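Quick one: structure below, then a few questions.
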Amino acid sequence: MIAYAVTFAMACFGIGLVFSLWRLLRGPTRADRILSLDTMVINFIAILVLYGVANGTKVYFEASMLIAMVGFVSTVAFCRFLLRGDIIE
Amino acid sequence: MEALVASAIGVLTACGVYLILRLRVFAAILGISLLSYAVNVFLFSTGRLATGAAPILDKYAENPVYTDPLPQALVLTAIVISFGMTAVLVMFTLGAYLEAGHDRIDMDEVEPDIDDPITEGIALDMSAEPAEDRT
Amino acid sequence: MFKRIFPHPLLSLLLVIVWTMLVNKFTVGNLVLGVIIGFALPIMTAAYWPGRPEIKRPIKIVGYILIVLWDIVVANVQVALIILLKRHKNIHSHWIVVPLELTSPEAITVLAGTITMTPGTVTALLSADAGSLLVHCLHTDDPESVIEEIKSRYESRLKEIFA
Amino acid sequence: MIQDIIISVFIVLGGVFGLVGSFGLVKLQDAMQRLHAPTKATTLGLGGVLIGSMIYFALVDGHFSFHELLITLFLFITAPITAHFMAQTYLRMHRDEADLPPSGRPVGWSIYQDPPDFSADD
Amino acid sequence: MIEHWIIAPVALPAIIAPLIGFVMRHDITVARAFSVAGNILLVAIAAGLVGLAGNGDVYVYRLGDWPAPFGIVLVLDRLSATMVLLTTVLALIVLMHAIASGWDKRGRHFHALWQFQLMGICGAFLTGDAFNLFVFFEVLLIASYGLMVHSGGRVRMQAGLQYLVMNLAGSTLFLIALGTLYATTGTLNIADLSLKVQQMNPDDAALLRVAAVLLLLVFAIKAAIVPVHFWLPATYANAPAPVAALFAIMTKVGAYAIIRIHTIVFGPGTPATEGLISSVLFPAALITIAVGAIGVLGARRLMSLLAYSVIGSMGTLMLAISVFEPHAMTAALYYIIHSTFAAAALFIIADLVVSRRGNDILRPQPKTLQNGLFAALFFGGAIAMAGMPPLSGFLGKLLILDALRGPWMAAAWIAVLVGSLITILGFARAGSTLFWKCEQVTPEEGTEPIDSTPPPPEASFIEWAPAGLAILALAALTIFAGPAVRYAEGGATELFNPASYIGAVLDPEAKTKVFGKDKKDDSHAKPAKDHGEDH
Amino acid sequence: MSEISLLPIIAILPFVGALMPGIVIRAGRNACAAFTAAPTLLALVMLGTLAPSVYDGTVYTTHFSWIPQLGLEASFFLDGLGLMFACMILGVGLLITLYARFYLSGDDPMGQFYTYLLLFQGAMLGITLSDNILLLLVFWELTSLSSFLLIGYWKHLPEGRQGARMALTVTGAGGLAMIGGMLILGDIVGSYNLTDILAAGDQIKASEWYLPALILILLGAFTKSAQFPFHFWLPHAMAAPTPVSAYLHSATMVKAGVFLMARMWPALAGTSEWFYIVATIGLITMVLGAVIALFKDDLKALLAFSTVSHLGLLTMLLGFGTKAAAVAAVFHILNHLTFKAALFMSAGIVDHEAKTRDIKQLGGLRKLMPITATIATITALSMAGIPLFNGFVSKEMMLEEATHTVWWENPWIVPALATLGAVFSVAYSLRFIFHTFDGPVRDDYPAKPHDPPFGMYASPAFLAIFVVILGLFPGIADGIVGMAASAVIGETVHPHLALWHGFKPALYMSIVAIVVGIVLLLLHRPLDAAWLAAPRPEAKRLFDDLIRGVVGLTRRVNDVLHNGALSRYLAIFCASTVAIGYLAYSGGGLLPATREMLPTPPLAIVAWALMVLATILVVVLHRTRFAALIAISVIGLVISIGFVYLSAPDLALTQISVETVTIMLLLLALHFLPKETPVESSIGKRRLDGLIAIGSGLGIGALAYAFMMRDFSSISGYHLANSYEGGGGTNVVNVILVDFRGYDTYGEIIVLGIAGLAIYALMETLLSGPAGARLRNSGYNNDRSHDRHPLMMVIAARLMLPIAGVVGIYIFLRGHNEPGGGFVAGLVISIALLIQYMASGFAWTTRRQRMEYHGLIGFGVVIAGLTGLGAILAGTPFLTSWFTYIHLPPIEEFEFATAALFDLGVFLCVLGAVMLMLYSLSRLARHSGETVNTEPMDYDPSKAPTFFEDGYRTEEEGR
């Protein structure tokens, strides 16, 4: 049962990736592209966690955590670039 | 899976090569980045693909299967080195841009008859991104 | 003196918890290490956090977190329904301005974060003097009540927690 | 069996919310509206999955794990900030201050106006 | 214990460089003293290593005490010892010039980068591991990037950028080649690769062959062989002079790598790659000679002229390498030493001249102080580079021509001889313009120097001594050509009988020559623990 | 002193002597000349001690090893031919030294001149004494070089420089050809020793390589000896000071070719190839040179073409291949030396005194400078081949030989042409005498001529005496000519040189030559007019045009080939990589695949599509750079996830964190760079690039696919097996990084450290240069957010920094056993600091910075290095790791490994390098004239007055 649930959830987040991709390609604003990247990060983290459940392993935890952290940093940096031009000032 | 990985390497390489052949340094930076992705995956794939076989020893596992760790170590080294190189590249790009006033990748002059003084009147564009049309 | 050794006691506590969660194993060794880290890191980063937010009632934090968590879950369903069921023209988005009584930056940040995390609203902007928040409502027919709810449900509690 | 059901419910719910969030990204027509979907629904979706995972490892695998909580903590700290920045970005690039309601303060919104200067008073 | 010195050419600069770069970065005098002292020490160590390897023993240094091919080994044989000594001596001479001319003060971190550069080059020469070769290539490259744009300037920045991008592409290809090599052989150790490659079924060798030529291309970039030489003229012509002089060894790193990999691993008699490398390299070398010679004759700037002459000399060198035959390799090894000093000498001399003329454009200008001295030094460097007697270039050329017999002969001889002629002509024209025509130019007629700063005073002995030293090195190489060629012959013989190399690297029993032991019979054995206990 | 060791001393003396003039020039011009003469004289004396035994047939040899592997030996030998030439070289050298002392003016750098002269003399001497043809080549090329210096001695004269370059080009080219010939010869014989080669004449002539070797060697000889069609350089070399001309073009340089032909005579001569090439060229040269000489108005040019003609004569004689001809050649070599050196010096005296060498401006000098006129007349008559002077005797012998020569079954063509040559020879010689010295004294000489001091005419006078003595009593040269000719021929001959040979055809030919010669001289004016009117190729112009053309061509090639277009260089690189890779691939076989493909889950396809589309998006959007960066981030993200999926968690961690820092760097740079760029490359270039790109992609993809589908055996089984027991860690990748291949990692962190340094150094350089000035002058536009340091960001950063610190420590400590390690930890901490920098800005954060980034890098590198060196102290190789398990109650047992110390070095270095890079990049922006913040956030409401309806009040007031 868990396996089915995991497969279902993976499919959901996979489709979520496709939606994000569509927004990435479509735009229209640069904020949208950042947003779609941010969404992809979250989708991928979810997929990683699900993958860990599917394999019964925690090897992927560090990766998920790090992706969460750097996803934040990139999003902020992209925004700051658009807002101020200089990300460190 | 192998076909996916191989084709991904191919696409990354092709796009990377196309970009490094552009006339602006920034395109080349993008191209180099794509190429280093390609080469990292390429190098990684030399250990052949495997899932659920991370090379982290697990004494509790029965008949543990580990993928080839060596290419992974090599890729790590390669990633770090290419990071350093990219950083230097970025700085060089800035340096060349600030000195020459443009970011074209081709040299202004190779064998100048007279080494002209630096062209004056270079305007640096250090503004934030231009705002899109406000609605 | 105490402030120099423990610039942010709550942060130290948080770090010990984070450490324990990271190593995921309760042992004396890990705890010792965690305490060392919880002790050392705030000192090392104290320069970047000058001043200490004065927290009057730390206990209330727990209650606040629980309320917010509950709100997140409940209101998320509403947003999901809006996304799934409402057509574009039926979604009535609004800008609302929430005047702030909080002055602690930490408190303002927590409030703004709470507003964003609870579905249906996103904190978009602060006024330049951090005196009011510009909040975007995904769908509401009564913006004033949203303001009222924010102020009563979250800001008032935060005022109790933060000095 | 019950634990399987609980785990599955969390995971399935997580998936659904994740999907809805991403769907909002596609469906919603206004950029500010789109901002709501992933910052919250998707985050909640991930939350569901994380809780499912935590219970799974605690009950099925026998190792209680706080790692998922940690990721959740992380997301809860970061998600509002990213949403805030994305909103700022969108507004700066597509909206003038006049398009927005007044701040009700002597100064306007932060991205359009400098903060009041009290250096003379200090 | 003596074998520990094998790591010294890498470890010593790797310790000195950070000290200079981080501790002494505000005091140029101390940094200079340290840099020179370190370099002198390196020369001494390298000389010791040459002596150590002189009798034909192959010394293997197992880093981390892991046996080959699992860990990384350093291998000291005549070839690597010679290259290390060459590098360090050259670096010392050029360093003296850099200090005497004040180049080292015109930007930050010159000495730290210099030491790192030495570390990278020595590391590349000493390593016995293909991937480690890549790592040290990168070390030497990144240091060279920093040195290349030392003191900045518009054209230099642009040239530096091109140098960087070209080499980044090269590094990428290097990884692809190494990956292919590993994917087909499963190993990275050069000796082990040799064994695996020899056993490779020719009917299944397509991928391996690709690896072999890709590696060749990678090294060819460094060695500036047509059609991947394009980066060199702008780079050398615009690098700070001491850096250009030091770069004389950089092209040799590429040549060395070809020699090492394509004889030990893909050498003659390898069924999988028989004839492949020669068939690619030989024509490329011919064209390289032509491009170099044409460049020398057509150059409008002194620095470009020298850069093209470097290309020409690399073509000549590569011609000798490309036939993969002991006599030609002997000649090649001798020529490597010669052409390194010749190029360095010329770049140093050119710097003396250019710094006084104010520019390097080959156009008559009023004569400078010490015209005769510079003319004499330039003449010495030029005849060495062009391969005229009495300096070692002529002997090197004779050695190469003498070795290139058989089917190669006609094309090779024509290329070398005609190339020499055109090069001689180019140098004669340049020298005549620089040092003779100025006798007829009065200040009013001449072009204004670009630099409006007053010309530097007469060069003191200490300023022109490094140039003289480089010429003296060439003279010594001429007079002691016999011993030098004998040493080179020894090195070449080793290359074409890789059994001793392979044996030393892979045979754990060869204790007399191999330093480092198997982990298993290690006296300080690590505590054997049931693994996973702390899980 | 033993005789054996004399030879190398003689050979080396001029070179040693060459050091002297430069030193003693300060002692005065006489001292300089004396010190130049001394080594020459000494060498001559030494040679003299050897002469008697050489005369008796002894051949001296000495042998020093130089490069035995090559067969190059410093071997010298002295036989009759060598002795004759060596004496000529040294003897004339002495005379020239004396002459030059008076000839050179005070402005000329005399020390340089004598140095060059001695160098040249040494080179010439070396040619005559070498017993090894490679050694001979060394000296041969040295003559080209030293003559280049001598001819170009007057640097201020364009003719001098051009003449020097022309001589170098022509003789250098010949020399290079000769190298080829000599190497072939050595190959045929199996030795480069001249004695061996001379003894192997039959073997050489029978070889299939004989003709190539002959042609190449003759090219050397002909160019040096100015044989047609290479004769044109010699007249232009006359721009040199006259002592140089006299030396180079009478006794030495140009005789080197003749000497070589004589030297190689036993090995090469006697075949029809030899005859037809050498004799024909000689004949043509002789006639041509003589004809041209008649129409030259410049005394030295006349003499130069006369030299060409006489060299042709000698060549022809040697080409005949008969013994008698060889004897005649040897004798004429001697005679030519005597009269031609004297003539040059006379011409030099005229030039020196009258300040012109133009015959048309001269005449009547006999009365003004009788001594010079006498010398010139005597020697010119000898040159004309007038009886009683030595030139007559050898010319008779030449004509005699010509009558015996059948050329292509034609018996009269050689004698006829030889006579023609003699006719012109008489004509120009007489013109030299009559048009210069005869006639009325003019009043329009550029300077008033008179005889020079004794020192200046002593040398030509001395030679003139020889001319007369040898002319009257040629028999006294029997011995020396026999000695040299024997050496040439390779067997003993005893010539009987005599003034009178009887009524033979040669006599009639001589008479015809003299008579017709006089007639030609009488007809000189109309002939000269006709000559000037006649179209004829101007060798100098042709040569100049050729060189100019070649140089122009090379410039164009350079400009086209190396035009600075990196994009094209890279295109060539990529295209050739693909081509060569394919070439190699197609030459080898590939067995069928041995592996099954892994299953492909749908999610993988989604991820793949995501990555591919993002990649294509990068290409599409590369001109709008910001969007391209977002797409790049997506690619990095997918690849990281892919690494996780494909069992490489460490890679995923590293990839994603490096990715982030890279994006930061790019954003920092993009701040300065143009945000968008126009389409610049043509559609054709884009198509071609696209083709190359697709080729590269296909190649690499196919390569990867090919090996992924095939099994292999790898050494990594060892690493898996020994990671825990030998390396003390369960994360095999990490153990490889810090232990098995720790040395790689050592190099890798040094790369990062250097990157940090290089970036910092460049930043400093830029800021202190014009770029810095430009930066300071450039301003921001105001179209940007006024939210500089947003409150929320600052607060988040305050929380994130310590939490990220904890994560970093965790990742560092776990690295040896779980995914992570020093590198990722360093990046995590860097990213955390970066958040702080982004939040509160550069200036504020840097002021609170306690870390010194330079120090961190240095510390990291040194720690890693010292960890490695520590192993040496323990007696094990560099970087050998050591670990143990420590038990400290109540804390559980933990592991201590030196590898962790090494990893700490990695951590510090990475942190330092990354931060130094970010620091440098953001410091550039600091210089753009912006004010900096002194507070962590734009506006801290808790510190500011509170706002009430009537305005802001402080909190106290508010309450």
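Letters A, B, C, D, E and F mark the chains in the order given here, with residues in each chain numbered from 1 onward.
In this section, a residue touches a chain if its C-beta (ideal position, glycine included) is under 8 Å from a C-beta of that chain, and two chains touch if they have at least 3 such contacts.
Only a predicted model underlies this, so the values are computations on that prediction, with no experimental measurement involved.
Q: Farthest from chain C in C-alpha centre terms, which chain would that be?
A: Greatest centre separation from chain C goes to chain F.
Q: Can you figure out the chain closest to the middle, judged by Cα centres?
A: Chain closest to the assembly's C-alpha mean: E.
Q: How many angstrom lie between the centres of chain A and chain D, each centre taken as the mean Cα position?
A: 12
Q: When the C-alpha atoms of chain B and chain D are each averaged to a single point, how far apart are the two points in Å?
A: Those two chain centres are 31 Å apart.
Q: For chain C and chain F, what's the span in angstrom between their mean Cα positions?
A: About 72 Å, centre to centre.
Q: How big is the gap, in whole Å, between where the Cα atoms of chain E centre and where those of chain F centre?
A: Distance between chain centres, rounded to whole Å: 16 Å.
Q: By the touch rule stated above, which residues of chain A touch at least two different other chains?
A: 10-11, 17, 29-30, 34, 59, 65, 69, 76, 80-86, in rising order.
Q: Touching at least two other chains at once: which residues of chain F meet that condition?
A: 558-559, 562, 564, 566, 570, 574, 626, 645, 649, 668, 670-671, 700, 703, 707-708, 712, 714-716, 719, 724, 730, 740-741, 744, 748, 751, 754-755, 758, 762, 765-766, 769, 771, 780, 784-787, 790, 792-793, 796, 799, 803, 807, 817-819, 892, 894, 925, 938-939, 944, 947
Q: Specify, in ascending order, the residues of chain C that touch 2 or more different other chains.
A: 18, 22, 112-113, 126, 128-131
Q: Quick check: in the complex, which residue numbers of chain F touch chain A?
A: Against chain A, chain F makes touches at 602-603, 606-607, 609-610, 613-614, 617, 626-627, 629-631, 633-634, 637, 640-641, 644-645, 649, 652-653, 656-657, 659-660, 663-664, 667-668, 670-671, 780, 784-785, 787-788, 793, 804, 807, 811, 814, 818-820, 824, 828, 831, 834-835, 837-838, 841-842, 918, 922, 925, 930.
Q: Any idea which chain D residues touch chain C in the complex?
A: Residue positions touching the partner: 16-17, 20-21, 23-24, 27-30, 32-33, 35-37, 39-41, 43-44, 63, 65-67, 69-70, 73, 76-77, 79-81, 83-84, 87-88, 91, 100-116.
Q: State the interface residues of chain F toward chain D in the complex, per the touch definition above.
A: Spelled out, the residues of chain F in touch with chain D are 784-787, 790, 792-793, 796, 799-800, 803, 938-939, 944-945, 947, 951-952.
Q: Mind pulling up the chain E residues that touch chain B in the complex?
A: Per the stated touch rule, the residues are 131, 135, 138, 142, 145-146, 149, 152-155, 157-162, 164-165, 168-169, 171-172, 175-176, 178-180, 182-183, 188, 233-234, 299-301, 304, 359, 361, 447, 450, 530-532, 535.
Q: Which residues, counting only chain C, touch chain F once they are in their complex?
A: 11, 14-15, 18-19, 22-23, 27-29, 32, 37, 41-42, 44-45, 47-50, 100, 102-106, 108-109, 112-113, 126, 128-131
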